[in-house]
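I've put the structures underneath this note.
One chain, chain A, appears in both complexes that follow, with chain B as partner in the first and chain C in the second.
Then we have the complex of A and B:
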């Protein structure tokens, strides 16, 4: 459920397009959407922090062209990504793959919440429980004493 | 002459800061009242010296004194006046000097508004601020001096990066910096409390207004930065998980946590040690943010200094400030006695959950931001961590946060029952479900429908606490209304800030329904998008003060009625030889119409047109959040502080 929600929220990240020439775009809307999705997962290698889809650099333009050629040729998203990674290494992936190297990275959310919750539980253990709520008899007595 | 005076004033400020560091702390340690009483005067002295220094830099830039290296490198005689002034903080040296100035303002503010603080606490707070100032001012003086001269004097300057020549970016850095540096005050309070070995409810009460002020400014600063990238970069994007953006988000996240845990300290004297640690952590993240940006260690679009010697100096400074304060924390924290017990389901419990989630998000953002650096340093592996990672890891953590944001304020302190609290929110849940269903069925919003529901839940749920407090529909309406008038501003502030978060979420969700098109059109051609007709009337050239503009004239109509004339342009800056797209945006309450001019190919111009649904709410929500913080800040109870001063009695006639 959480994963599903995470995936749904992932799509929320909004559209951002830098295609500066409409002639670059595929005429088939579904194919174009796929190409954009792939482009957003790839880093423009010569830019500081932009995806292939956002960048105006020539290299990014070439990448966009290659992606669209391959989409037209009927390759799957995975095939295109693999092709890119085989040539340019993991550096091109904006979403780093799961591996021993990125274990800590992907475990970070679980670790952070776990450590936080653990610290709170540990802190509570060391401290006495707060007094129990008043019983019915005590409550009546309080009412009598306070005169209401 | 004037730059030399500025240079001298900066050196003088270092001397004042050193005195401000040593004398009050020494006085507090040896219980010497006279030494402690010197603290505010020394802080004012440092402030005046830095104002003189910064004033000379502004003066040099305004009169185009190109014999000053900093002015020659970043200004130009044709640059409009506002950017000659803002240009002083648009570069490395000037921005560090501004940082020092704001830190000095913080010291002066504590001196001025802290008259009702116990004298030893005030002396220690001002002393700690002075110590921090010494470090940063030495950094400015030794490695980033803005007053260096240049010979031979060039005929004209090199001009500022055109991307930065923008009204939004003129005010963005000072506000962002005020937020960053403002967290130095809670930090100084935390260190002072560790030195004193004592924290009580009044400490929480003193710390909260300063935290609120910094938080509101930081919120506004981040919002301006995001808005700037939205309209200047021309992609319609507004948040890129860029290292520099992350660096400003990190102290915001922990600062938000601090804001909430300080409430617990103030009201219930619990979470004291944790709050001190958060105050130290938040300022440490502010400092690291500066380090990340200034050292150029994390290259990004925004960094304008790549100088390793400065990096090493800042790294040393960071180690000293962060390491020193954490060491002090490790030694002294056990002294702070804990009190204020509470059950897990209670207002305190909800605030603890808020802290865990906010700090987890901060931990994830920090991990993602520095991971490539460490992977490279330790394993020589080149990896990228980009938006897909942050969206996948951060967004799931926000779900419980948003759910709890509405529930927390209706729980009672110390011990609460979850069932009745949830029952009190039934109408917010109903509203959220209705919004979600309408979004899904009416607009096929898909995943965004969930976000819309979350936004509705937050906006509606934010006011549940007030409704509960005025006992709406439980007592007669007039009674409720008179209760409404009596609600403290801090309660309103909290509700409004939470609702503002809801607005921002709605805006982000709305942006995912944005409609865009990229077209190559000839003058006279009309494009239909989102129910509007966009007609390219023509293109013409214009001459700006330091750029040549190619402007498109677009008329936008809806059902034949004119909505507006849009003039997106491409500005080619002459000195910096760089072209900047100038987006045309028209905002209504519920959407932005957004037009960007692209390149021209044989008689056609490329236009990118957007209908950005609810986009204005992203920034409006952030402003509403900051306004909520401001309302809390001016709450009388906070302003007067503890213990309240008695008002002078007016003699009867």
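Then we have the complex of A and C:
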């Protein structure tokens, strides 16, 4: 029972957000939701595999504050994103943009499937015909050779 | 399967593993010699104008603004540091050597208390023409800073030419900064 309850709690627990301090949050829930959405798309430059919204790093806290200031000032998601990218480059976006530089990255799954499918098709086509079944004379000869 | 095919199946993975091995070895080698930092991030500011700012100084000293960086008549090095930052202690001697060679170095104290910065400069030497105080760390974010120390080279037109994240070493100065300064002057 306890185990089941623990499991249920584990499932129900959402992603831990570092904005545990209510003073950090915007009083307007729609604005706060927008700020969190933006923060989740930004990389914490200190602990590079965490988002700004998840990280406990000092710099991430500064970013969260800036995002909320800009949301309050009425800037669009795109404007806030551009502001961050102008300072920290595309690396700050957890979802890399589609560009000439990231073409290979985005095309990699398609390429892998294509190469795999090509290899399978080629292998199929090359497979030789199965040999014809033994004739009566051959079967007798096999029988004689194996001594049965 | 023909003989050529069989050889290909055997040799192709071997070849790929060989190429990958050589690549990984050179990467590790470059990491060891400090030429490659897997966590390093290229600066978005290279070739762009220096962010506009005005910072107060230490105590009575005037501090400086982005306009002061352009007004030196030669490229200046801008160094973000803090008294609580250990690599900053390690690079102090390198910065002092740069000052002695006549290179103007400006300092920005990042999220530091005035007294702590004062004590740091007394203990480890002051290589800076001026020190500006960025207590909130907001000018640092305009530079795309993600840790201290970081150093930026700004030319006479106010364009950011070079950024180094981490403590400067004599090797970095000799191999990167000095050749770049030579092309700029």
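Following the convention adopted for this analysis, the second predicted complex is superposed on the first by the 110 of 148 C-alpha atoms of A that agree within 3 Å, B and C clash if a C-alpha of one lies under 4 Å from a C-alpha of the other, contacts with A are read in each partner's own complex, and residues count from 1 in each chain.
In the analysis below, a contact is a pair of C-beta atoms (placed from the backbone, for glycine too) under 8 Å apart; a residue touches a chain by one contact, two chains touch by 3 or more.
Note that the coordinates shown come from a computational prediction; the quantities given were computed from them, not determined experimentally.
Student: Would you check which partner chain A:103 touches, where first means chain B only, second means chain C only, and both and neither mean what they say?
Tutor: The answer is neither, since A:103 touches no partner chain.
Student: Mind working out whether A:117 is in touch with chain B, chain C, both or neither, as first, second, both or neither?
Tutor: A:117: touches chain B, not chain C.
Student: Just checking: does A:33 make contact with chain B only, chain C only, both, or neither of them? Give me first, second, both or neither.
Tutor: So A:33 meets neither chain B nor chain C here.
Student: Is A:89 contacted by the first partner chain B, the second partner chain C, both or neither?
Tutor: both
Student: Can A:134 be said to touch chain B (first), chain C (second), both, or neither?
Tutor: A:134 sits against neither chain B nor chain C.
Student: Figure out whether A:22 sits in contact with chain B (first) or chain C (second), or with both, or with neither.
Tutor: First partner only, chain B.
Student: According to the stated criteria, A:59 is in contact with first (chain B), second (chain C), both, or neither; which is it?
Tutor: So A:59 only meets chain C here.
Student: I'd like to know which partner A:142 touches here: chain B for first, chain C for second, both or neither.
Tutor: neither
Student: On chain A, which partner's contacts cover more residues, chain B's or chain C's?
Tutor: Touching more residues of chain A than the other partner does is B.
Student: Considering only the contact definition stated at the top, list the common interface residues of chain A for chain B and chain C.
Tutor: 48, 89, 91
Student: In the complex, go through chain C and note every residue touching chain A.
Tutor: Answer in residue numbers: 39, 41-45, 111, 137-138, 141-144, 146-147.
Student: Taking the touch rule as given, give the residues of chain A at its contact with chain B in the complex, in rising order.
Tutor: Touch residues, chain A against chain B: 2, 5-6, 8-23, 25, 40-41, 43, 48-51, 54, 89-96, 101-102, 104-106, 108-109, 111-113, 116-117, 120, 124, 127-130, 133.
Student: Show which residues of chain B lie in contact with chain A when the two form their complex.
Tutor: Against chain A, chain B makes touches at 235-238, 240, 242-243, 299-301, 338, 341-344, 352, 355-357, 359-360, 363-364, 367-368, 371, 375, 379, 381-389, 391-397, 399, 414-415, 446-448, 450-451, 508-509, 511-512, 514, 516, 518-520, 598-599, 601, 606, 608.
Student: Tell me, which parts of chain A touch chain C in their complex?
Tutor: These residues of chain A touch chain C: 45-46, 48, 58-59, 62-63, 66, 85-89, 91.
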